[in-house]
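What follows is a group of structures, each given as structure tokens.
Two complexes follow with chain A in common, the first pairing it with chain B and the second with chain C.
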Partner chain A sequence: MKLATALKYVNKDIQRVEKKIKNVTKAESSMIQSASNHLLTAGGKRIRPIFVLLASRFGQQNQERIIDVAVALELIHMASLVHDDVIDHSMVRRGKPTVNKQWDNGTAIYTGDYIFARTLELLKPFKNHRLHTVLSNTIHQLCVGEIEQIRDKFQLKQNHFTYFKRIKRKTALLIESSTQMGAIASETDRSVEYLLKDYGYNIGMSYQIMDDILDFTSTEKELGKPVGSDLLNGHITLPTLYAMKDDQEVLGGVQAYFNEQEYHLTIEDVIHRIKHSHAIEKSYNISQRYLEKANQTLEQLPNNEPKKYLDDIAQYLSKRRF
Partner chain B sequence: MKLATALKYVNKDIQRVEKKIKNVTKAESSMIQSASNHLLTAGGKRIRPIFVLLASRFGQQNQERIIDVAVALELIHMASLVHDDVIDHSMVRRGKPTVNKQWDNGTAIYTGDYIFARTLELLKPFKNHRLHTVLSNTIHQLCVGEIEQIRDKFQLKQNHFTYFKRIKRKTALLIESSTQMGAIASETDRSVEYLLKDYGYNIGMSYQIMDDILDFTSTEKELGKPVGSDLLNGHITLPTLYAMKDDQEVLGGVQAYFNEQEYHLTIEDVIHRIKHSHAIEKSYNISQRYLEKANQTLEQLPNNEPKKYLDDIAQYLSKRRF
Partner chain C sequence: MINKQAEQIRKDFIKEYKHPSIKESFYDPVLTVKQVYFFQKLLLESDYKQKNDLFKALIHMQISLDIHDLVDLEFDSIEENRNQTNQLQVLVGDFHSSYFYRLLSEHNLLDELYHFIQSIKSINEIKMSLLHQDEIKIKDFNKLLNQVETVHCGLYYSLLDFCQMNKYKNDVEFELIKELVYHIDSYWLSLLKSREPAIEQAIDAKINYLNEIIITNRR
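Showing the complex of A and B:
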């Protein structure tokens, strides 16, 4: 598989990232230690570090700083996941019990805060103020996105615009920052930095839309959580938006579920209906459109090895279907 | 009252702090806006900003930066309170419904995250790396203190050492940082900075112990929450530690309450018993000892107007009894 070779290319550095994450989250308190470790070993694809590392190969390689940027972005992602799981009352993530399930909500909230605080300490020594600017803006927007997600929960009055704005803040910006900060940390030309940033944004959007599709089309085993979890938790994503527009039954079913009213379709029926509707295809096409934009951006970048791997990732994502 | 004159002395700057807090927490999202505003108007004594401002008068006054430091410390305090209220299921703070009560836990968690993120953006332009070092260490320790507080909740196996370490992290360090960062931002001599830092630490410890006493000796109306809330929430503070040591009935009552067992005293009886025990006096003496240390530190500072006001605050705190 093509992704594997991209991973192999940065594998040594990913090992360093893993080690550093473990080090940074090391804590005097055994409780934080266990909770962070629990999070850490739950794994994840380390997509953000991979993007930082690949982007950094376009510039001068000041290894330690680049590793730190990669670690920081992964930690922020982890911290936001812990808080998300509390809010969604999620019991399982990647097949393992969540921190709020294994311990309690309080531990999960403070563990998130702690990881966040450690990230700040990690980045403090960086002299390049643009790294700080990009990162703090991203964290700011991420928080806004998270609050919007709560505001929009169980709300029927949403449109494509609300959805795109939200996933931009919740996902795409952090991927965009990964490629951009990798470029800044390795001091690439500004034009290369902007292309990498643009690639990251489009990949991030495409990725999140695919994730929202897979929430319907994948299996419980693969997802590590029930099929249709987003909708069950009151989150309206792109497939649901399309399906509600096309199919009165879906609209009625979602409406009834959100308002706790009776309806002749259960929410499981509605999920099944969305899964087998054209909404999936339509959403997929949008995801592909972002991927094409990412590819167009890639074409403008200098031809080198890391570019080949960024291309591989784009290819891989386009095949992540169903 | 003496505190009023200290307040009057920095009043103009406190107004600027208030205005800036409002500005910083201004958000595109109306939900964050309302939640932050709600927090903001719930007021608070703005103790941390007052300490920043008074400490800064020992050095050169670069007004804007000092205001920003004051705002940052108050915001971090606010962010940590929102998360605390979620964890303690608190419904009321300062006589107003908490964010988790008025909205929900999710909104409260993300509002805390958001305020925290905004604080980072505020401090980003500061070139003085010691401001960042002090602050990020304080935030780190604050998070550790918060997690320890959960770990120690409903735990009988605690001693004075656990308690002092916890309140240092939870309270004293943020007050210590207020005076120290006020000094750093106004570029005082290093010796003055360390004295101010030391004063802040001792005042912070004294203040928290008094707060823990008042939780027993004050009225529900004054506290804005039930008398004995700490113990009801499973937090063992200094008066409880002393009372459990001196009085088998208190020990038995707390034990039974924590283990949800039957006992001939209700937890309300236990709270009443602690309130009228020598444990209060003993705790008060410890608080006074920290205050004396703060006063001794003050004596070594140059004689000037702000010093008089720091002294007033110490005097005021010593009379905050019962």
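Showing the complex of A and C:
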């Protein structure tokens, strides 16, 4: 498994990231600590810290500082997840009850807000304000994306442009920030920083499109949620956009579902139809195109060990099944 | 006392910063004219240079802190409209907190950022503790009221500290507390009252005390 070799390469640092994540809320009020620990110890792929660590190896190493950036990126991601769980009324995350389920919405919201403030505090030793400019812009775009996702829920009038804009804000920018902030924190050349930033962006776009494909092609067991959840929740993703364009039955089915009208196909039939349509392949090709762009960017980076692992991660993400 | 200028600033602020898909009326339960007025008043009294940038950043954060208090503790799956409002309240709160961070970063106001983060952390800790305060004892009444005061006035105290206006703090503190805590429909006071009705007497006593001290100070 290629991800495993990349993980092995940064394993020691990832362990330090894990340790720091656990310590980040130590010695604070007991409720904040319980709720944060509940959230932070649930695990995860730690994709963002891995990108920070690998990108940082293109520059000068100040390992303690780099670890702080890696932790900060993961914490921002987790703070957004705990709020997402409130918004989506989610009951389970990674096999554990969500904070809102275990306690209530208020606890989840204040935990997220606290973690956000704690994250910014972690970056205090950095005097380079570009690090903050990049992160703050990303967080802001993430929030705009979330508001627009709610606005567009169950709205049929969407297109490829709105979809790409949405996934850029939702996923790609945070991965882009991970590689760019790793580069800034290790003071790489500006040219290397921008290449790493582009790599992160393209990987993030490819990753999210794959996620949207897997929402149709995986099983409920693999996903931990019903197949076609995005569509069931009113979100139009790339496979649905292609399928609606190619197949009037899909268009009619989605339209009827969104408008709560009768139709001869149920939404489950529509999901089945999308799953077995060319829309999946078309979406996959777009995902691959972003991956190719990421690889082209990689080629321009200096030849070193971390570059090989960035390539491995790209390949792993393109082939992942869930 | 609360001037028309503050009202206009509030209106302009919302117009400039709200997301296009969010209605202006969404802000009615949060960001009062009094809150705008006091941020403006404190900054005008200070020697601080980048008043406008800090003012906007603090307004964003105050909106974020307050709007998150409006989200229902539990969602009712039947009430679709209320659920959507709840979802937007979470998101709009995050949206404004991201503006706080973005404005301070853009203007390289990192000392300010780190200073106010302390206050934001402590406000959220207090909120969490108040939320989980199941059993309220008489001996804790004053402590709890002080905590509610910090929730509403924490950013203002923090601003006074940052601008080293300790002397001025003595003049304005009681007015701040009276106007921003006890003259509004405070979610946190209501929560305490719902859990221990006897606290209402402590609240009345506090209001009387504040009124007296403000009158004395004016003399």
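Just so we're on the same page, the second predicted complex is superposed on the first by the 319 of 322 C-alpha atoms of A that agree within 3 Å, B and C clash if a C-alpha of one lies under 4 Å from a C-alpha of the other, contacts with A are read in each partner's own complex, and residues count from 1 in each chain.
Going forward, a residue touches a chain if its C-beta (ideal position, glycine included) is under 8 Å from a C-beta of that chain, and two chains touch if they have at least 3 such contacts.
Everything quoted here is computed from the prediction, not taken from an experiment.
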{"item": "Superposition on chain A - do chain B and chain C clash or fit", "value": "clash"}
{"item": "Which of chain B and chain C A:60 touches, first, second, both or neither", "value": "neither"}
{"item": "Contacts of A:304 with chain B and chain C, given as first, second, both or neither", "value": "neither"}
{"item": "Which superposed partner A:23 touches (first chain B, second chain C, both, neither)", "value": "neither"}
{"item": "Partner chain in contact with A:285 - chain B first, chain C second, else both or neither", "value": "neither"}
{"item": "Partner chain in contact with A:266 - chain B first, chain C second, else both or neither", "value": "neither"}
{"item": "Which of chain B and chain C A:41 touches, first, second, both or neither", "value": "neither"}
{"item": "Where chain A meets both chain C and chain B, residue numbers", "value": "28-29, 31-32, 80, 83, 86-87, 104-107, 109-114, 116-118, 120-121, 124, 129, 132-133, 136-137, 139-140, 142-144, 146-148, 150-151"}
{"item": "Chain A residues within the chain C interface of the complex", "value": "28-29, 31-32, 35, 80, 83, 86-87, 89, 104-107, 109-114, 116-118, 120-121, 124, 127, 129, 132-133, 135-137, 139-140, 142-144, 146-148, 150-151"}
{"item": "Contact footprint of chain A on chain C as seen in their complex", "value": "19, 21-22, 64-65, 68-69, 71-75, 77, 83-84, 86-88, 90-95, 97-99, 101-102, 104-106, 108, 110, 113-114, 117, 120-121, 124-125, 127-129, 131-132"}
{"item": "Touch list for chain B against partner chain A, complex", "value": "27-29, 31-32, 80, 83, 86-87, 104-107, 109-114, 116-118, 120-121, 124-125, 129, 132-133, 136-137, 139-140, 142-144, 146-148, 150-151, 153"}
